[in-house]
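Chain naming follows the written order as A, B and C, and within any one chain the residues start at number 1.
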Amino acid sequence: MIALELKSISKHFGGVTALENVSFKLEQGKTLGLIGGNGSGKTTLLNVITKMISPNSGEVHFKGKRVDNLPAYKIARLGIGRIFQIGGIFNNMTLLENLFVATNSGNEEEAERILNEVGLVQKKNEKAATLSGGQQRLLEFGRVMIRNDELILLDEPFAGVSEGNCKKIEEVIGKLQKEGKTIILIEHDSKRIKRICNQLIELDEGKLAKKTNID
Amino acid sequence: MIEAYLLHLLILICIYAILSMSLTLLTGYTGMLNLGHAAFFAIGAYASVLLVMAGFPFWLGFLAAGGVAALFGVLLSIPSLRLRGDFLAIATLAFGEIIRSIMLNWTELTRGPLGIPGIPKPELFGIVFDSMLTYFVLTIVVVLATYVVLKYLLDGKFGIALKAIRENELIAESLGKDVKMLKMQAFAISALFAGFAGSLFAHYITFIDPSSFTLSETVLVLLMVVLGGLGSLVGSIAGAIILILLPEPLRFIGLPSSMVGQLRQIIYAGLLIVLIIKRPKGLFGEQWFGGIVSDSS
Amino acid sequence: MVFQQLVVNGIIAGSEYALLAIGLTLIFGILRIIHFAHGEVAMVGAYVAFVVSVSLGLPLPVGFVVAICFGALLGMAVNRFAFKPLRKQHVWIGLIAAIAVSILLQNIIALFFGNEIKTYNLGPVEKGMEMFGFIITKTQVLIIVVAVALMILTWFFIKKTKTGQQARAVADNRHLAESLGIDSEKVIASTFAFGSALAAAGGVLIAMETNLDPMMGLMPNIKAFAAVIVGGVGSVPGAILGSYFIGLTENIGIWYLPSGYKDAIAFFILIVFLLFRPQGILGKKKEGIEQ
């Protein structure tokens, strides 16, 4: 089953082309690596999927349903979660609050179980601002877990993270894969990409340059 | 005599505690600075008075005070969907001034600058709240009810969602929060309680005119919120207690009454400046704005 | 009242607003702070001229110059003691500070001079000159002439002086300007001084046409801010254009509406522009209003 399909997405900022005619399909349960140089349009692509920006043309389909005409929060409610490159947590809220805001149940046991899985349960009542960069990223993973998102978009989750936390993050990704989640990963380290992903797309100046299957 | 004076202060504290709790929902939790809050207070006061003086029972006037104010709250939430920070604040200020302008000029309804005198004391279930003591009981009941309702809302997922909007709207939205709807609800609930406070104020003082609902009224409530600590209901109540009591000693040192008013304002304004520079988190609040650097580029 | 008269009244009001709007837009351009107490700087300027000309008995032009100098100092003091400690705070903390300064200045003046209305003893009420179907007094002609002269001076300050160039650089990109050796704090102080001097001049002119009271600065300042939004934040020509736009619209507006709604017209324009054209009439890009 196709989880995500992009149909000729184009996005221009002023005169600059960020994405041009990008189309691809992603099967459910697969992990897609998104590579390309700086400014090749990788983050813009994620922004288009979650409607943080609207494309100039093209369509986004999630599980066979067109979603690019929905507001951002409705897209999120369909089960699309995201980990941001920077600033993806609420600094002045506690870890538990950061998880509660992502769900509709205020189930504390569930939240603690998930904090335990990402190794942050001891800090549950501290403000998220006290976490290290890697821990903040793990908290974001906790958020997609509690939301039980089916499609998870990861924007350089390993950037600026200590080796120990990188390992932990890879572990968490592995677990999500086992649960059958569909994942898109932006990452520069080619070894890591080969380790984690089944498919690879290379963007070059907003165009889809290459599509490979890794198996 | 002294008893009446103390009860008077207690009643004022109650009315302002409702106002400051209602404002902290918007400004402390959701991060939206509302400089038109006095307009909700005014709308509640006029709605209640006009209905009661037209012969409707007090309970209806009281509920309408909240309801009409809440409708205007929904209206004022529209700018908040497009504007951020200080620009939203200026839009709310303009809203407050437009409402005041209407109160001054729609004389058929409000009697304009002449004001409305002879407002009757409330009557509920056959009891007339015409003594200081009974009025105090009435206001404290409303304060407690306001506290319980807001506490329940703000400690739950609604409050957490509002805080998330305050921290980062885009991320809140990416987690499935309907930011527009939440902002609208925040404005409506905040205005609802400010409207209730307006009704209690009008039927207590028994005279209202547009000069009771100026920007300096909003600033006083804002000061209560900032002093108590943004995002703390208990802090808002503490702010109301402190700021109502603080200037009272001025009455007893023999100054002419015109100077008392000015000194009061000087104390309030000076305190506000010192507070935001030296202790921006207030008495009970979380320091959430201390670390946020406005993105000016 | 005839229509031409409303137009002339609008031009007079616009000239007064423009003197406040220039300082507001310069300060906003550099610090992104809405200087809510700018109108109180104008008000204090008017009272300084009152002390010099009425209490000390010196000619009003002397009072005008003293007021301008005092306004510059007051502006720098407000910057130093209220805004500078709050740099890098959340956007609306600066606004709260400015509102507090505004209330502080209003009440300090009220404490010393009382709340009642004062005038500059300019002699008996002037009889206006009649031409083309409207009446204008000499004072009003003077207001327009002085305001336009000060606008030309502003243009000179911004385009031709070193401080003016530096101010534009700091407003454009503060970090870059600092990396080129510009002392941005000094530039900010100069901008406050210049803008506040103009505001004080505006305050004296407003007081000449009407009278003095501690609240006299509040409404003109909010209208000047509306003018800044209408003209596009940070733009001086925009602020001037916006001032005349506001002055004319509110005066012509009362041709159709009860005159009590004059202030509401300006506020309505402010909200409409904030919502639908936040970049102003002249502006091209959105100046970070929607982040």
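Heads up, the rule we're going with is that contacts are C-beta pairs under 8 Å (C-beta built on N, C-alpha and C of every residue); 3 or more make two chains touch, one makes a residue touch a chain.
Just so it is clear, the structure is predicted and the values come from calculations on it, not from any experiment.
K.L.:
So that we know how the chains sit together, what is the shape of their touch graph: line, ring, star, complete or other?
P.N.:
Looks like a simple chain-to-chain line, open at both ends.
K.L.:
By CA centroid distance, what chain is farthest from subunit C?
P.N.:
The chain lying farthest from subunit C is A.
K.L.:
In whole angstrom, how far does the Cα centroid of subunit B sit from the Cα centroid of subunit C?
P.N.:
30
K.L.:
Find the geometric centre of each of subunit A and subunit C from their Cα atoms only, then give the gap between the two centres in Å, rounded to an integer.
P.N.:
Averaging C-alpha atoms per chain gives centres 49 Å apart.
K.L.:
Just the number, please: Cα centre separation of subunit A and subunit B in whole Å.
P.N.:
The separation of the two C-alpha centroids amounts to 42 Å.
K.L.:
Where in subunit B do residues touch two or more of the other chains?
P.N.:
Where subunit B is concerned, no single residue meets two or more other chains.
K.L.:
Mind pulling the residue numbers of subunit A that touch at least two other chains?
P.N.:
As it turns out, subunit A has no residue touching two or more other chains.
K.L.:
For subunit B, which residues are in contact with subunit A within the complex?
P.N.:
By the definition above, subunit B touches subunit A via 156-157, 160-161, 163-164, 167-168, 170-179, 286-288, 291.
K.L.:
Help me check something: in the complex, which residues belonging to subunit A touch subunit B?
P.N.:
Those residues of subunit A that touch subunit B are 50, 52, 71-74, 76-77, 81-82, 84, 87-93, 97, 100-102, 104, 106, 129, 143, 147.
K.L.:
Mind pulling up the subunit B residues that touch subunit C in the complex?
P.N.:
Per the stated touch rule, the residues are 33, 35, 78-79, 82-87, 89-91, 93-95, 97-98, 101-102, 104-105, 112, 215-216, 219, 222, 226, 258-259, 262-263, 265-266, 268-270, 272-273, 276-277, 280, 289-290, 292-297.
K.L.:
Once bound in the complex, which stretches of subunit C touch subunit B?
P.N.:
32-34, 82, 85-86, 88-97, 99-104, 106-108, 110-111, 114-115, 173-175, 222, 225-226, 229, 258, 260-261, 263-264, 267-268, 270-271, 274-275, 278, 288-291
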